[in-house]
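Take this structure, written in structure tokens, and hold onto it; I'll ask about it next.
Chain nomenclature is as follows: A, B, C, D and E, assigned in order of appearance, with residue numbering initiated at 1 for each chain independently.
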């Protein structure tokens, strides 16, 4: 079982090595095949591990395997060790499975780019990093994986190296994540100081509570917020859509951005010692889900709409994790991986076919030329809105139900979640009605180019098809009132704090489905049938278009003061003290030199005078001092 | 009336005698040997003279384990003096090699070497002097030789000017020293150092003794070119022929400083509380003046002259320390310092012969690449002056500072360190100028094509290089030698 | 006592002659007169030496110094001719001020301090033998205790002679820096 | 000296011997370079041999050689290895080998002078890092400056004049203050031997030593020589300066300032930590402002070295181990970056971001190398740099959370400036100075960059190879640096939770 | 002998010495400077001889004789220089010999 987990981890690494060292020996397409194949190996190994674990008893399912001591200093040791337990196997399956699918899709999507090798190497790095993140058996390696996924995110967002927007977005993503990494590292330092170790088991067992505990949890939460693009560290995610679409699907929808949820679930003992922080996570999740939903309403870039939707959905997951409904959160993580990847990839087919165009005003009606894609996109949309029997229905509604089980705060969060459900319906189907059901624009008619007579390359269509099916059936694994294998599976790792009753489930479902449908109807009225004009409120419009002015705020609070500080330092320290330090010295030295040089007049009499004067002075000194 | 002629210990003055013999042969040669062969003949004889004196000094060193006064207390025969003689003769030996290719009037080449040999002999006497009379007379002996050597290039204005300035200031300095001697003699009734110490043992701090002592110190300060008695130094060094400058820088300073230490310790032990501070103050003044004045100096010889002023300061630190460590430090330091001085001025001489104009920082440009051996050697000498490893200058400075520290002069260590830092600017500036590419104007050897190869000068530079670097590695044997020598002093 | 008075008178005359001629040496514009004044100075000093029982030195002073050396001096002055006449003022004013100060300081330091503080001890002279300062006595000391000094003196003179030859001989003029 | 202990002296002397041979033998240009390369590779080989024989569990000085130099003051040529000095020397020989290869590739003019100086520099640095006698240490410390001075002055950029003057004035002023301290310390202790001499509690001596190390490092605010020197020096010399010469200062701080002055270290710690923290932020901000690639790396060095000092003065195992680990990482990566900067400048003639850009396209090896070095430098997690910085910050956290917060902030800033630098060279529009003909990295260039980066990658897989082997855990009978440091350890194994768990 | 005490001689010697020093310091003619130097040396001689008398030891007189020879040698060297300078048609004025300076 642990060997399988190691193989899961190592397979993408082998792909990286092969692609990097192979260089030009490997054909471009070959890189894609290599990456896909090794990721599938990874997935297969994950499945094997899952099966192996399935056959074991509960207590035996959690195993730590240490390869070597990665880092030690004094009494502190951190091993290169992996933890194989239900939660990590669950994540391994999602990551490697979805990863493999999307990398396969990329073979088609990236065809023709002249740097495919680099792309697939990056993708493999990402898969490796993500697997490291979920498999690590201590917080240090988790942080390592955490940073590595940030790195691969940076690399992939900036894949189009010549586009300034892409590079800028990549840097922004990395730096905001670095900030999260830093807060996490601080939490780790606290843990080291108070427990002496970062291995999950002893750390969780001995973690302090009280203020220290709160600080630790806050540090971890900072990392989670940054990684999962939750308020207030969310602004990088929409910009990250500058990356190629498969990247958005894999990293910024299916896997990496959900790492924050994984972190909370994984470290729930720490959060539970600081329950206020856990609740804060829930509140931030709820706030994000509403805000993102609102902003998504006015976006005109197809990928950004989906990105905001991603933020919103992760908000749900945070809500779940924050409320202690860990299994529900993980379940939603999984279904969300399916349907959000699907949405992105389907959108990617259109974008691919239309030479990279992403503006929905130009894409209007494009879906009509791609029926299969439309069908899949519809599947994904319905899953997203949570219409039964699509996947989202099962996962999202159980989260909302958990809210009902957690007191007053839970009710408020529940209400926000329901608002989010309405917004989800509205923005999702705004997209659907505009892009897939509208009258094709001249641009679309002119530029839509079919790939060998099909909507797109087989690799892409195949992946989208598989995901389309998964979006439909993926949720059937668990239907909370009746059967809950995932909750059972994860229970030994993360026992839930919330156990909603069937009644609560029913109320939540009914409301959510109702509001979702309402959203769809409103979208149809406004965009599909144009029966109702889109309301125009200047202030609201501006606020939403500026994404609640977060970027501007950060610019004013961080970037500009930093620049001004640097300038002030330049004027106050670097120029006068550092650059100018020698000027003053040099000037003084030159003055002194010219003095002595002038004293050397060339007049021999003055030399004698110096001798005589000095002698006289010496005599006087002797007489005085004797 | 019977004369009780003192026993003359011929062996103890054998270095001087060898040199004087060489000088005599040289003077004869200057008359008898035809002009064409005079140069090689003279150089050879001078070489033999300095070499023989060097050998005899070594022998005296070896056979004078216990210091003693010889020839009616006029001379010391001890390892201290012998070591100084060794250094002086070594410097003279190298100077002969450096001077060989000098474009000097052939008719006077014999006299030139004769004067060099007599100057060496005078210094050899000087460092072993046991009373004020020997001191003064041998001082004048080598001083007059040097005045003439300075001015010997009579065709050139600078040389004459240097000679005259040296003579006037030197005459004044000698007179001051002499008057001081007279006062000390008047107070103590003794001329020999030990006698002075004996006579003044009871009443230290006597006015007349102190005035005399101060004047003697001033005279020594002049000879050692310590500030503020140094002002003749740059002019004389610049005007004198470079080989003479080399000899003056190395040998004169050696002689003056060595005897200064002997005088202050053997004749004035009772005034130690005064002369330690006085010498420390002179050292500080020398360090300050020498280093600051050299900072932006363009003429290389002047720069080196100021550097020699500053080195007088460094060595005075060792003397001011007034302990055995200081004695060792001084003697040790003089070895690499003399080698580096001779070497540096030899390189200046080579460059002058090549360019036929005074060497400045500017026209050193490119030397490191065009004359790699000389350039490299110059780099090493400059590093040595600056006290950087791997040269004896490093260890020498370290010893001097250590001695001062042991005396309790921590402030003096700090001052020395600070001025070492200042000195780096110009020493490294010389190095920098040597790798700089000539701006185009300065061309090599404008007339006569490539300069004649000068194997003797190169050999001298190589020897200096060996000593300068070797003294860094062979500290222990050299320090032992210095230790034996310094133990002749009453610490 | 009469002898004492006589000695005093001679001393005072010699001393004033000595000081006056000394001042004359440094003040005359023409070196020729200066040199003559120096001869006077040397002569008056010789008188003092006699008063100090240094007959041999006094004789040497007159014969060797005032005679031989000064003749050479006068010869050179004559050779150089009118070029030798230089005004004694000029140069930077601080030089003159400094000269007065320095010379004054030297004088005061020696005289005032020595005279006031050490005069008492210097007043008791040692008893001396009759032969003190005679040529025989000096010769004996020269050849015994100060043999080395004697030899050195001869060599110094030799060096100076060589130097005079080297410096005085004709040389080609050059502006070339050719050492 | 026993039969097996030839390694240390060989490591020290071989480069000097090589330098002399190259200077004095009439070698052809190519032969001189090849000889230098061979000698620097031989150094690496000897070092590897030493590592293999080294007993990491012993805290005693190993491979020690002691020969009296001058007896009356108790000075001896005494060299040897502790665990941490072994790693620093390893860094030196590897980086210097890469630098020599760079010089070989760049075909420096005056080849004999050049290669001799490079070898001389190698020997001096190795000497500093092995010296167990104060004066020998000081001699090597000063000797480092000579080749640097000439190398910058002769082969440097257009403003090399002022750069060399600043370099010299700053560093020598510092080291001469150290000379005063050396004399004071040695004469006071009666010996200059670092093993034999005890500790001192004089704050002035401590500051005298620290002055030299702080300037050499350089340490804020004594970094005035850094911008000019790093920009004007030839790239390989800059690499040596920032990569290894600064580590000589680190060694000095650890071997002398900290282990010989426990009292002053404790007293001055807050001030030093504060300066280090300020330097970290300051360097980072400046790196962000720098208009050229080398400027970014230069100021990032300032920041990183501040971080290492934070670790050194954290006063606990995490800090020490982290500082050593990070020293090695930083040396390798920064050297790599500067060599790459050199490669870039040779292609474009400039390092200004305004003139550069878009170099990634069509130059995969260059892009990969720059990207790899850059992200290693910003301490991306899982890299050895990350491990080092993590240990340092975890260590200094115990001195006060504020230091770690500043350090963490510095890491974020590092991401900002390093990404800016990477993008400025590789990405976005093709800069005006980047011509189409500018080739990808040649195999020769890979030969000096790839090993450096490969070392870091290898370390990333197993940073514990250094962090766990820098200081022996045992205690020896003799007083050694390890035990001196052990005396200051504030291990946390005594913390209640774990103790409780053990029972 | 009942003449003036040694102190008086010393006073004369000091005055003479100061006079000579003054001459060296203010005069510009090298010839007169040489003469002034002679005066200084003679002042020293006077002091030596006076002290010799004071102590009743002849070595001071011997010293004075040596000094005399030295003074003569200095004069020879100095005059040789002056002649050489004159031959070069250079001004016999020490204030104008300032090509070496700085």
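Observations on the model:
The rule is simple: a contact is a pair of C-beta atoms (placed from the backbone, for glycine too) under 8 Å apart; a residue touches a chain by one contact, two chains touch by 3 or more.
Since this is a predicted model, take the numbers as computed values, not measurements.
Common neighbours of subunit A and subunit D under the contact definition above: B. Of all chains present, the one whose mean CA position sits nearest the global mean of protein CA atoms is D.
By number of C-beta pairs in contact, the leading pair of chains is C-E.
Put simply, the C-alpha centre of subunit A and that of subunit E have 97 angstrom between them. Work out the mean CA point of subunit B and of subunit C, and you get 30 Å between them. Work out the mean CA point of subunit C and of subunit E, and you get 5 Å between them.
Chain centres here are Cα means. That of subunit D falls 65 Å from that of subunit E. Multi-chain contact residues of subunit D (touching two or more other chains) are listed as 165, 169.
Annotation for subunit E: residues touching 2 or more other chains are 6, 10, 17, 20-21, 24-26, 28, 34, 50, 54-55, 57, 59, 62-63, 66, 70, 73-74, 77, 80-82, 84, 87-88, 94-95, 97, 99-102. Among the residues of subunit A, those touching two or more other chains are numbered 597, 600-606, 608-609, 612-613, 615, 619, 623. All chain pairs that touch, listed by label, are A-B, A-C, A-D, A-E, B-C, B-D, B-E, C-E. Chain contact summary for the complex, subunit C toward subunit A: residues 91-92, 95, 98-99, 101-103, 105-106, 109, 113. If you check the complex, the residues on subunit C that touch subunit B are 109-110, 113-114, 117-118, 122, 136, 140, 143-149, 152-153, 155-156, 158-160, 162-163, 165-167, 169, 171-179.
Residues 589-590, 592-597, 599-600, 602, 604, 606-608, 610-615, 618-619, 621-623, 625-626 of subunit A touch subunit B in their complex. Against subunit B, the residues of subunit D that register as touching in their complex are 23, 68-73, 75, 110, 113, 135, 139-140, 142-143, 145-146, 149-150, 153-154, 161, 164-165, 168-169, 172-173, 176-177, 179-180, 183-184, 186-187. Subunit E meets subunit A in the complex at residues 21, 24-26, 28, 94-95, 97-102.
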